[in-house]
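Listed below are the structures to be examined.
Okay, so subunit A shows up in both of these, paired with subunit B first and subunit C after.
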Partner chain A sequence: MISYVLRQVGLSVGVLVSAIIILFSLIYLVPGDPATIALGPRASEQQKIVFRQSMGLDQPVPVQAFHFVSKLATGDLGTDLLTRQPVLRLVGAALPKTVTLALTGLGWALLLGVPMGCISAMRPDSMTDRLIGLVSTSVVALPSFLLAIYLLIAFAVTLRWLPAMGAGEPGDIGDQIQHLILPAFAVGLGWVGYIARLVRASLLETLQENHVRTYRAFGVSDTRIAMRYALPIAMIPVVAVIGVGLGNLLSGAVLVEVVFSRPGLGSLAHDAVTTRNSPVLVGTVLVTTLLYIAANLSTDILSALLDPRLRKEA
Partner chain B sequence: MTTVEETPPVSAPPALKALPGWSTVRRLLSSPSGAIALVVVVALVFCAVFAPLVAPYDPVQIAPRIRFQGPSLEHWLGTDQLGRDVLSRVIFGTRVAFKVALSGTAAALLLGLVLGIVAGLGKSWIDGVLLLVCDAMRSLPMILFALAVVAIYGPSMATLITVITFSMAPGYFRVVRNQVLVLRNMDFVVASQSMGASLGRVAITHLVPNLIGPIIVLIAMDIPAVIGIESGLSFLGQGIQPPEASWGTMLSDGYSFLRQAPHLAIASGLPVIVATIAFTFLGEALRDVLDPKSSRGR
Partner chain C sequence: MKTSRFNRRQILKSMSAATLGVAGASLLGKNSAFAIEGKTLKIWNDGDIRNLDPATRGGWYDETTMFAIFAGLVQFKSGDTWGWQLDAAENIDDKDPLAIPFKLRPGMMWTNGYGEVTSEDVKYSYERFADPKVNAVYASDWDALDTVEITDKYSGVIKLKKPFAPLFTSTLPHASGLIVCKAALEKNGGVITTDPFATSGPYQLSDWKPRERITLTRNPGWNGPKPYFDEIQLYPIADKTAAETAFDAGDLDVTSINISSVGQRKGGDATLTVRPALAYTWMGMNVENPKLSDIRVRRAIQQAINVPEVISATFGDAVEPAYGIIPPPLPGARTKLLYPYNPAAAKALLAEAGVSNLTIKVEFGTDADLLVAGQVMQAQLAEVGITLEVRQMDGATLTAQQQDEKGGTWKDIEMFFITFTTAPDPSWVTEWFKCDQVGVWNFQRTCDASWDKENDAASEEFDETKRAQMYVDLQDKLEETGAYVFLYHGSNAWLSPKGLKGAWTPDGQWALLREMALA
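What follows is the complex of A and B.
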């Protein structure tokens, strides 16, 4: 197990380093003059020089790369071009809000999606299964920000049942929960369909295995077999696939935040891109990439803890 | 990351005759959801190609006197803040959506195909490096990464397509690479190689035809995601730029006038919903037809 964990950690570090290299080369090695591209053709020569200096673009590429990495290693993600605040602090303040929204969305999607998948798998090709399949497939690819706009029109603007904007009064938990309902619904709906389909496929496969047939021969009821013996095994690949999808979850949450004007990574990135504040954006991407890789590493180790076979495969 | 370790699917690919053709379409039409999805997709393509003929008005024709009109017989989906006909803009938006989706997917496919074949047939260290890069690309958060690129390069259709290409290519790379790893040990590939066929010849005559099935399925499944990214970025004002009519920029306009004229946002969202659902169902149906093994779980 320890060698498996070490191997996975090593791979994750490799992926992180490659991601940093990709990000660096895409952002700093642009063809043409980055200052002209960023500031537009009408920028004065003086502005361009200031921009190049502030971004360190007046230095040779290897020096830039070295600065980029050595600053990263000390946790320095650069400074906001407008407010001169450290990017790490801005991202650190926004990240928990976005993660709360994303996890709330994923949470309710699991609560609904797993039972839906189970019901489907236990009665394959029944009317219920077909209905669940139809609903899951329909919602799975709907962009969550679009759903957010529709929810906003229906429940906040027209019916006025729920608040439309912001994240609620700080300290007032009830108010914050009210502000969370619509965004979390928008973030999670696609995941309900996704999880239901994953659980269904995985559970159907598990139900065909020999040990399940043995339980059946012993006269254990179908529901008990599915819930007690098959589902825990079927959930292992589901957990791994959810881990891979976490990036999409975050992207969805970012856009939904903008729709509901909630503070978080979404509004941070949105404001930064309208002012061409690239250090903030690069910092945001780096932190979320790190988070994603760490989350995937945890799901991998969790899966290996649950399923010893995975350790041997590695 | 387990993804690096993923073993290739052991499903033996069907022989050469499995090239999708008319029989595929016929079988596709035999499932109700597949048939409906195909009809909707064909209708969308028709709208995109013949937009000037289908649209009742000029999509950029401004008419200040009829701003914010609700749906009526003259303007089925109403008019926007400049009095432009929303239906015509939706129809022209189909063009933009397909232009972005098709060019982004095609470029990603080409990149993924070439690199996938190289990784599958090449030395193991090449494979390892490419897998690592592919995993790194997939770990970048799509929308935030796109915004970072836009902040440097500026918003344009070219930036949008580039970002989509880079985010979609790893998916194709992985499928192609895994299939090639299975295929390269199959008798017909080994035989061809032992008769002295070059790498390029093996790739074109033996590998590519066997990869078409899974790739078509992946394309259909990816297009909704691409439409989502395009409309999402355009909604943020960082994708397609006005006055060009794209579903995302229309949604952004609708969002600005949400209280005044909610029909704008509702109408601009409809094509996105129709397109994503149709392509998802088409992808599912195609998978059932082209790759019956993987549909066992469905």
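What follows is the complex of A and C.
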């Protein structure tokens, strides 16, 4: 198991290094002068030169990348070109909001999706199964940002039950929960359907296996077989998909954050792209990549814990 | 060892209680948070603060806050007409164009214990625009400054090297005229970013949560007219549609809205304030592109476009067509075109130039209104035999291509839509069309030395009638080049509660927070 984990960690470091190289290459291939955007139309060429020098933007791209990696080793993600704030401070303020949103969205999707999938699998082709199938297929295709807009209009504007913007007062948990309900619902709804379909298919397959027949022969009840013995096996592919899906969830959160004016990583990256604020963009994407890697690493390890065959293969 | 265990019933009970708690808190909390609470105003801001230094500030997103936390000698008047009124100055004399004596109101205190505002601070604030260390982006606002002579603790004279007409229109009342604290800046490296170190306006910056909220509270050291609100919270929201929704949901008290929303807001529950913007949107043509190098082709395009029809299709009756680049409230705004819509003339010009089956592209940033305008023009140009390709792209990428003098990709630009905003003086409108701006901000690449000379002369002319006529002539000459199709100036629209006495600059660009009050 330890060698398996070490191998996965090694692969993750490789992914991270590749991400940094690709990121720097892409950012500096994209046209647009950060100095022009930061200083505005009234800046002279001389002023732009001074700005580029002060921010190290006049250096060749490999040198900038080297400086970035050197600083990264000391926990410094660079300086925001526009506000001169440390990028780490901006990312540090935005990160918890996005992670909370993504995890809450995924959390409630799991809480609802897994039981729905189980009920469907235990009563295949019943009315309940068909109804759950209809609901889950319908919500899978619903884009989260579109849902976010409708939720906003219904619950914030018309009913005025929940707030329409922001992430809530820092330190006020109740207020933060209020601000989280609608965006988390929008982010997670598509996943409810997806998880329900996945659990159903996986559980149905597991229930056909020989060891399940043996449990039946011993007189174990269907519910106990499904919940106690089949579900943990059926969850292995679900866990793997969730790991990959967390990346999609983070990108889905970008649009939802814009709709709800939530100052998370998504809107930070969006602003950084439009203003060619490369240090903020690099910092944001790097942290997102780290999150993605961490999620995948966790699911790989969790899958290996759930399925001994994976450990043996490793 | 004692372990705590929950059974299924207990877990279900706890979850139900938690759910009800959250729902209850949400319902109760939300319903009590509508409208203006006490003396706190929640207002939209078009972006987060980036740089609060008068010499190197970013844009409106900074200036709205700056006008509330700093004081200038004078300030913009709110209302429908441009003008100035006293701020930190007790009196100021604008009769002599080269020497402007002023006297500060005694007893104005800097925040953070930096003492009283003095004429030393005024001298430092204005003269630092020429300091290379400051790298002042707005240095041209004080180009004409010779020195600020100090008479005594509160008095001084602003001495200019040459007459400068925009001094009282776009320098002193604007953010370049705000006074910074000499002692605080000298102590902190001479440059402000998002921490102003010390301020002397009616409000002070008490809290800033990046990209979330800017909180202003009363400045106890302010001895001028007392502002109404105890606290003002500015919410940086780039998307006006999202801000409008937040207003409808009661999360914002005051917000700017898109022009496309104005029609449906008329006669609604909220107060709608619409002001003519100090902006100008036009279609430019790159005269150095081979397809557009013949003036007859450019003129044909000018005359093939029915601008009133384009504007009506795009905005309904919310926006008026433009007749030049200078917006109507400013001196020099034109009232007619030299080459209005005339498809027959356009066809004749194309035939004379020997051009047929012309395919040409117009590029612009991600603006939904301009996309509609482009589609209408597509139909109009088709009537004279021109095929228009409408291409929307990232605005920063387009600007980078237009400014790409090294790579030369600017040559591929044919036509483009572009919007500029301006300070309330015509000199800042025409500045960008000079020869030294070719490839910088003059993407039409039109260049005429005599035009530049006339433009410089207009900024030194103090006779208002003469000055206005000079700017009309300058715009006539731009139209003569054939490289410009003037489209619209736009509007700024705001929503506020019925009981609020809103205060904005005449163009509606800046909310004047210190003057906002409940009626």
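Here is the rule we go by: the second predicted complex is superposed on the first by the 265 of 314 C-alpha atoms of A that agree within 3 Å, B and C clash if a C-alpha of one lies under 4 Å from a C-alpha of the other, contacts with A are read in each partner's own complex, and residues count from 1 in each chain.
In this section, a contact is a pair of C-beta atoms (placed from the backbone, for glycine too) under 8 Å apart; a residue touches a chain by one contact, two chains touch by 3 or more.
Predicted model only: the values in this text are computed from it and were never measured.
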| item | value |
| --- | --- |
| Touched partner set for A:R276, first subunit B, second subunit C, both or neither | both |
| Subunit B versus subunit C as contact partner of A:S18, first or second or both or neither | first |
| Which superposed partner A:L152 touches (first subunit B, second subunit C, both, neither) | both |
| Touched partner set for A:A240, first subunit B, second subunit C, both or neither | first |
| Subunit B versus subunit C, judged by how many residues of subunit A each one touches | B |
| First (subunit B), second (subunit C), both or neither touched by A:V259 | both |
| Subunit B versus subunit C as contact partner of A:P143, first or second or both or neither | first |
| Touched partner set for A:L162, first subunit B, second subunit C, both or neither | second |
| Which of subunit B and subunit C A:Q53 touches, first, second, both or neither | neither |
| Where subunit A meets both subunit C and subunit B, residue numbers | 30, 37-38, 40, 152-153, 157, 258-259, 274, 276 |
| Subunit A residues within the subunit B interface of the complex | 8, 11-12, 14-16, 18-19, 21-23, 26-27, 30, 34, 37-38, 40, 133-134, 137-138, 140-143, 145-146, 149-150, 152-153, 157-158, 200-202, 204-205, 240, 244, 247-248, 250-251, 254-255, 258-259, 265, 269-270, 272-274, 276-278, 281-282, 284-285, 288-289, 292-293, 296-297, 300, 303, 310, 313-314 |
| Subunit C - residues contacting subunit A, complex | 22, 25-27, 29-31, 33-34, 48-51, 56, 58-59, 135, 137-140, 193-194, 209-213, 235, 237-239, 242-243, 245-246, 248-252, 394, 396-397, 399-401, 403-404, 420, 432, 440-441 |
| Contacting residues of subunit A [partner subunit C, same complex] | 30-33, 36-45, 47, 50-51, 82-85, 89-90, 93-94, 152-153, 156-157, 160-167, 170, 174-175, 177-178, 181, 258-261, 263, 267-268, 271, 274-276 |
| Residues of subunit B defined as touching subunit A within the complex | 1-5, 7, 33, 132-133, 135-145, 147-154, 166, 224-225, 227-228, 231-232, 235-238, 251, 254-255, 258-259, 262, 265-266, 269, 272-273, 276-277, 279-281, 284, 296-298 |
